[in-house]
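The following blocks contain the structures, represented as structure tokens.
In the two complexes below, chain A is the common chain; its partner is chain B in one and chain C in the other.
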Partner chain A sequence: MTGSDKLALRLSGISKSYGSVRALNNLSFEVAEGRFFVLFGPSSVGKTTTLRTIAGLVPTDSGRVEIFGKDVTTAPIAGRGVSMVFQSFALYPHLTVYENFAYPLREEKVGREDIDKRVKETAAMLKLTHRLERKPNTLSGGEQQRVALGRSLIRRPKILLLDEPLTNLDAKLRHDMRAELKRLHRQFGMTIVYATPDELEALSMGEEIAVMRDGAVVQRGTPDELYEQPLDTYVAGKIGSPHMNMIKATLGVDMATFDTPLGKLQPTRKVKSANSGDAALLGIRPSDLRVAGQGDAFIRSTIHLIEPLGDVTVISVEAGGESLRMVLPEASATSMKPGDAVPIAIDASKIHIFRAASGQAMT
Partner chain B sequence: MVDKVSIWEALGFRKASGVGEAGWGYTLIVAIVSFIYFIPVLMIIFMAIKPQDVALSVPPTLSPTSLFGLIPDAYVFSPTLENFTSVFSRSMTAGGAPEDTGFDRYFFNSIVIATVSVMLALVIGTLAAFGFSRYPLKGNDTYLFIILTTRMLPAIVVIIPVILMFRVAGLSGSYIGIILLYTAFNLAFTIWMMKSFFDELSLDVEDAARIDGSSEIKVFFKICLPQVVAGLAATFVFGLILTWNEFLFALLLSGTDTRTVPVAMNQAVSSGGRGTDWTLLAAIETLFLIPVFLVTFFLQNHLLRGVTFGTVKR
Partner chain C sequence: MTSTTVPAAPPAFTAFSPDNWRLALIAGIVISAVAIAALPSGVAFWITGIMMALVAIAATMNAVRRRYYGGLLVAPAIAVLFVMNIFPLLWSLGLSFFAYQSNQQTIRFVGLNNYIKVLTNDLAAKDNWAALTNTAMFVVFTVAAQMVIGFLLALLFSKQFPLRKYLLILVLTPMMLSVVAAGVFFTYYYDPTFGILSYIMREMTGEQFILMDNKAGAVAGIVFADAWMWSPFVMLLVLAGLVSVPKYLYEAAAIDRVSGWRQFRTITFPYIRGLLMLALLFRTIEAFKIADLVILLTKGGNDTMTISYHLIRIANEQNKTSEGAAISYLMLFMVIVLTNLYLYLANRRTQGN
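So, the complex of A and B:
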């Protein structure tokens, strides 16, 4: 993890409505300096509005935006030290790549020679030197993306906002650009706020992830924290692929054992503030299910679908009327076929417990 | 990239680029239809260079050259520039000395009135269109609709209240009056055209400029305006053609000094009691065609891009 504990950004109680639509609903979070921070959530959850609020493009209805300790809630856009890469790239279509790079510097009244030097440096860094005289619409998607990045980086911003920057690229380029972005982050050490609906991007790039829902942050933490301790079924369902298996359950009188269609299960996690007979959902990740060995307690199940994915195979089984997915190493699944009976074992320490009504964690 | 540039491209014609090139058959059909469209213009140009005495001869003379013997001599006339000189100076009475016809003045009037009013409409209309596009009023569409109402009626209907307004304001016969009138009429068209061009622009691009430190004024002049140059050119040409050819308002609202060519043309051929002088009329029309033709020709690259703007995925 890079950077100190100094706060680069603090949003507190931000609300914003467009007409009757609530885009942001009492949104709060802070980002430490130098952090690669990911805003994660499906589309129209308020990620873009959040970034635009930080940049100052959208005035807030209420709440406070602080950048490096300074209240900038109503401050003008220029001077915030923030730059942004748009999902659409938003390159200036009438200007050459050179002029696109030079634009923010000219607005800052940087000297002509200095502009030339910095444009050439930036172009070299992003391998765009041979494209400087081209107009954006003659470039490939990946090149346009790099121009957009370069234009944002050339000002040496303290905070870089990235709004789904990879969504418009094809799969191969996306992979390359993920690595490129991480490299740039290491090289410049600026604070990055990165919005994405893509779980893989969030987990692979974010040092810290905020999962958003309905214009607010549901849970914030490192990728591991979100994976190991999801606070509710929403986060549990968003993080991890294939998605977590959810099994309906009822809490027993001993406050530890659950009645489920699979039989009795006793998770190691301790339940808190619950009553016996409470309805619950038990979450089990597909990777925490395995084929039972000799002497293990096991649950009978029948295979009904096998999806080989190369190194691993996803097996869908039916047990006690519930459909479960499990991930097995490719080698251990080769002999299986649909219709086979297979005994499965569940790692009790990996069972997540949620309240059925609210979806909140019961632990 | 060094492409071979044909003489046509050098002259401003666009190089055809498409999915497939049309064969000779289709090209021939289009050529024939285009030629049919062009016949009236061609007839006027030929009429302008015919001697007056063969203008109405039967059978008609068709060509200034025999095309290497292809056309029989009976259909060939010998071209002359006499008609063009008589546009500007001719004897008004039988056997009288040549007099100045004032047509130099009328051409000057047409050029000044059309150019100034179209430019004015372009400046005001573009600013207004940007306002309508980016800072919509409550009930934005209502105002846009009202702006267009003056163009929904035929000129002959609108002319009566306009004449009254001009009389009250004392604008009849003045340059300012006719220029303001044309500006107002072009504004409706300009605002609608330019608004649609501004609506097509990506708002993200403008926001990017704001983040890069640009003020609203700079966003407009350095980011938005350069992106709609094609639209400006298209709007300018269409407005110019409409204004250049306008007859009714000019007839009723211009004075002797501010008369435009279409009005003067009408008076030149219908006065004197000697019947219509067709070759003179054709000569005036040919001269009248040249300025719009040149402007359209030099702006045609922009024109095509402007008109097809937004229909092409960017």
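So, the complex of A and C:
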């Protein structure tokens, strides 16, 4: 194990229930030091509980939390060296921005001049120098968010937990803050665990993403891995926009060809442990569909909806009773209109195969 | 508004019309003044009353015809307020400048003499001075006891524990009791022969124990009863403040590794400071007027006389009505000064931070 691969965090078999509600269900994952790790999933999937477990705000029912190899499952919050930014920012309303920053330091008996120096450094880094004497409720949402970040960063934590930090900001600010967070991560190199329900945030910021469902991690990997090889229909549906087209299919006797409403399809991926006649779902990303050129094998379809999105256009077509979405460059879609017949071709190497019953990948 | 019904123009001042309230007011004042000056007081009283009713009718008619419905709607409330609050207040203020006793017919204007007498002669008397210092003592002791106990109770009830809801109701009950009931209850409680307190003390020391036989004991008894009744009030206010503190602030503080005491000082206290001041203000004003428990428990004995009790004796038992009015106004003045001092200090602290 090399230095850069040192584990910052390891959760194994964590379960947590609130009354009869199961928040975390045998959750396990580990995060390498210095990684920007994203917990991704819709709301109430257990992301926040996971972060609170790591911070020590909620005790676990079972399982083990390790931080830098040390078991901290029952350790007090203070000893964990973890800092957290809350979705609600949780700024101290009666203290100025300066005091909010200084608050964690005062407890650590840091000298007065040292506190002053670090507060001013942090404020400068987050462009809050002119706001230091203000109270939080007089600041804009973006500024409050930066104060919350600054208060967490000022202690130079080894691990920083971020709980949907951008959810309460407007779209433009979110974009800026995404870049800002990536910059801070590069600058300080601390380990970040970032919870978000937003696909764009997860894919654009995460070096590694854990997709969560029902209090457990479904799949973990780099954004590319999740996009290219989703382990099941859940992950396939969550990653990538517009969502993957799913076509009902039946595996043929040759164990490679599928009967579908669109006709026979032969994906490049090889199926594993399946029987002929098995029901399957073929997943095709909208960007892997194209208008068939001269000499291509093609499927007849009819356009019924055109959504121009600027540089690309999303076309909904109907083929063999199935509704498919495809993404085309804006230029190639300008002449199309609803009702037109359009021949479409599928990139066979990009077809994902899932079991119809379980949703698990068949490859 | 549609143009079909334009309100009638106000009548000319001299017009003899039921809605000419200006004329009615002037006529009412003149006739009443003449009646008071010329006729016996019994007759003048009724004439003045009739004149007031006339003015009221004219004003109402005017409001209906001119469509001042807003004014018409608040009029009953204002009338009640005037009859029940403003009039007695002004009447007693006026009375304090006269020499008048409710058991005698004579009344004589004496200017500030009542006030001068109260502030010099009366205050110089040992008993009255004692009543004043006793009141101050009761204010300090009862308010301090209520604030401390109420605050601690609020801290307790801000936590979740079994039976919390039912215990809360139980703790709030004293506040809802009549003071007389509480007073009687504590009379029995402190009773030298069969009171439970005396019984326990006798069992422990083997000697007769009478709580109320010296000043310290009497004051302690009254302060305890008052704190028992009014600590829940402080608790209720502080509890409202405590539950309004967002939980995530404590979590953030825990993550920031801030100690419990500093969490209290920088998070909890700012949220409840306003309500603490409010509780302090209410309880101080109330404590300043303390008389009921003193009457019920000691009847002013063992040097537990207070200003309020003194006032009741002067005004009701000795029938010195106008002198009582003067004392009341002096008390009101003291309370106003005290509360403004509080508010000034509270505001200065808020701005100072």
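Basically, the second predicted complex is superposed on the first by the 360 of 363 C-alpha atoms of A that agree within 3 Å, B and C clash if a C-alpha of one lies under 4 Å from a C-alpha of the other, contacts with A are read in each partner's own complex, and residues count from 1 in each chain.
Methods note: a contact is a pair of C-beta atoms (placed from the backbone, for glycine too) under 8 Å apart; a residue touches a chain by one contact, two chains touch by 3 or more.
Predicted model, so just to flag it, every value in this text is computed and none were measured.
Q: Kindly say whether there is room for both chain B and chain C on chain A in the superposition, answering fit or clash.
A: On the superposed model, which is not a single observed complex, chain B and chain C clash.
Q: Quick one: classify A:Pro104 as touching chain B (first), chain C (second), both or neither.
A: Touch partners of A:Pro104: chain B and chain C.
Q: Of the two partner chains, chain B (first) and chain C (second), which one does A:Gly339 touch, if any: first, second, both, or neither?
A: In the superposition, A:Gly339 contacts neither chain B nor chain C.
Q: If you stack the two complexes on chain A, which partner ends up touching A:Gly69: first (chain B), second (chain C), both, or neither?
A: neither
Q: Pick one for A:Ala90: touches chain B only (first), chain C only (second), both, or neither.
A: both
Q: For A:Asn137 in the superposed arrangement: first (chain B), second (chain C), both or neither?
A: After superposing on A, A:Asn137 lies in contact with chain B but is clear of chain C.
Q: Considering 26-34, 44-52 or 62-70, which region of chain B has C-alpha atoms that clash with chain C after the structures are aligned on chain A?
A: 44-52
Q: Based on the A-chain superposition described above, do chain B and chain C contact any of the same residues on chain A, and if so which?
A: On chain A, the overlap between the chain B and chain C contacts is residues 55, 57, 77-78, 82-84, 86, 88, 90-95, 103-104, 107-108, 151, 155.
Q: Tell me, which parts of chain B touch chain A in their complex?
A: 202, 204-205, 207-214, 218, 223, 226-227, 229, 314
Q: Quick one: in the complex, what on chain C touches chain A?
A: 246, 248-249, 251-259, 262, 266-267, 270, 353
Q: Under the stated contact criterion, what part of chain A meets chain B in this complex?
A: Residues of chain A touching chain B: 52, 55, 57, 77-78, 82-84, 86-88, 90-95, 103-104, 107-108, 137, 151, 155.
Q: Inside the complex, what are the residues of chain A that reach chain C?
A: Those in contact with chain C are residues 55, 57, 77-78, 82-84, 86, 88, 90-95, 103-104, 106-108, 151-152, 155.
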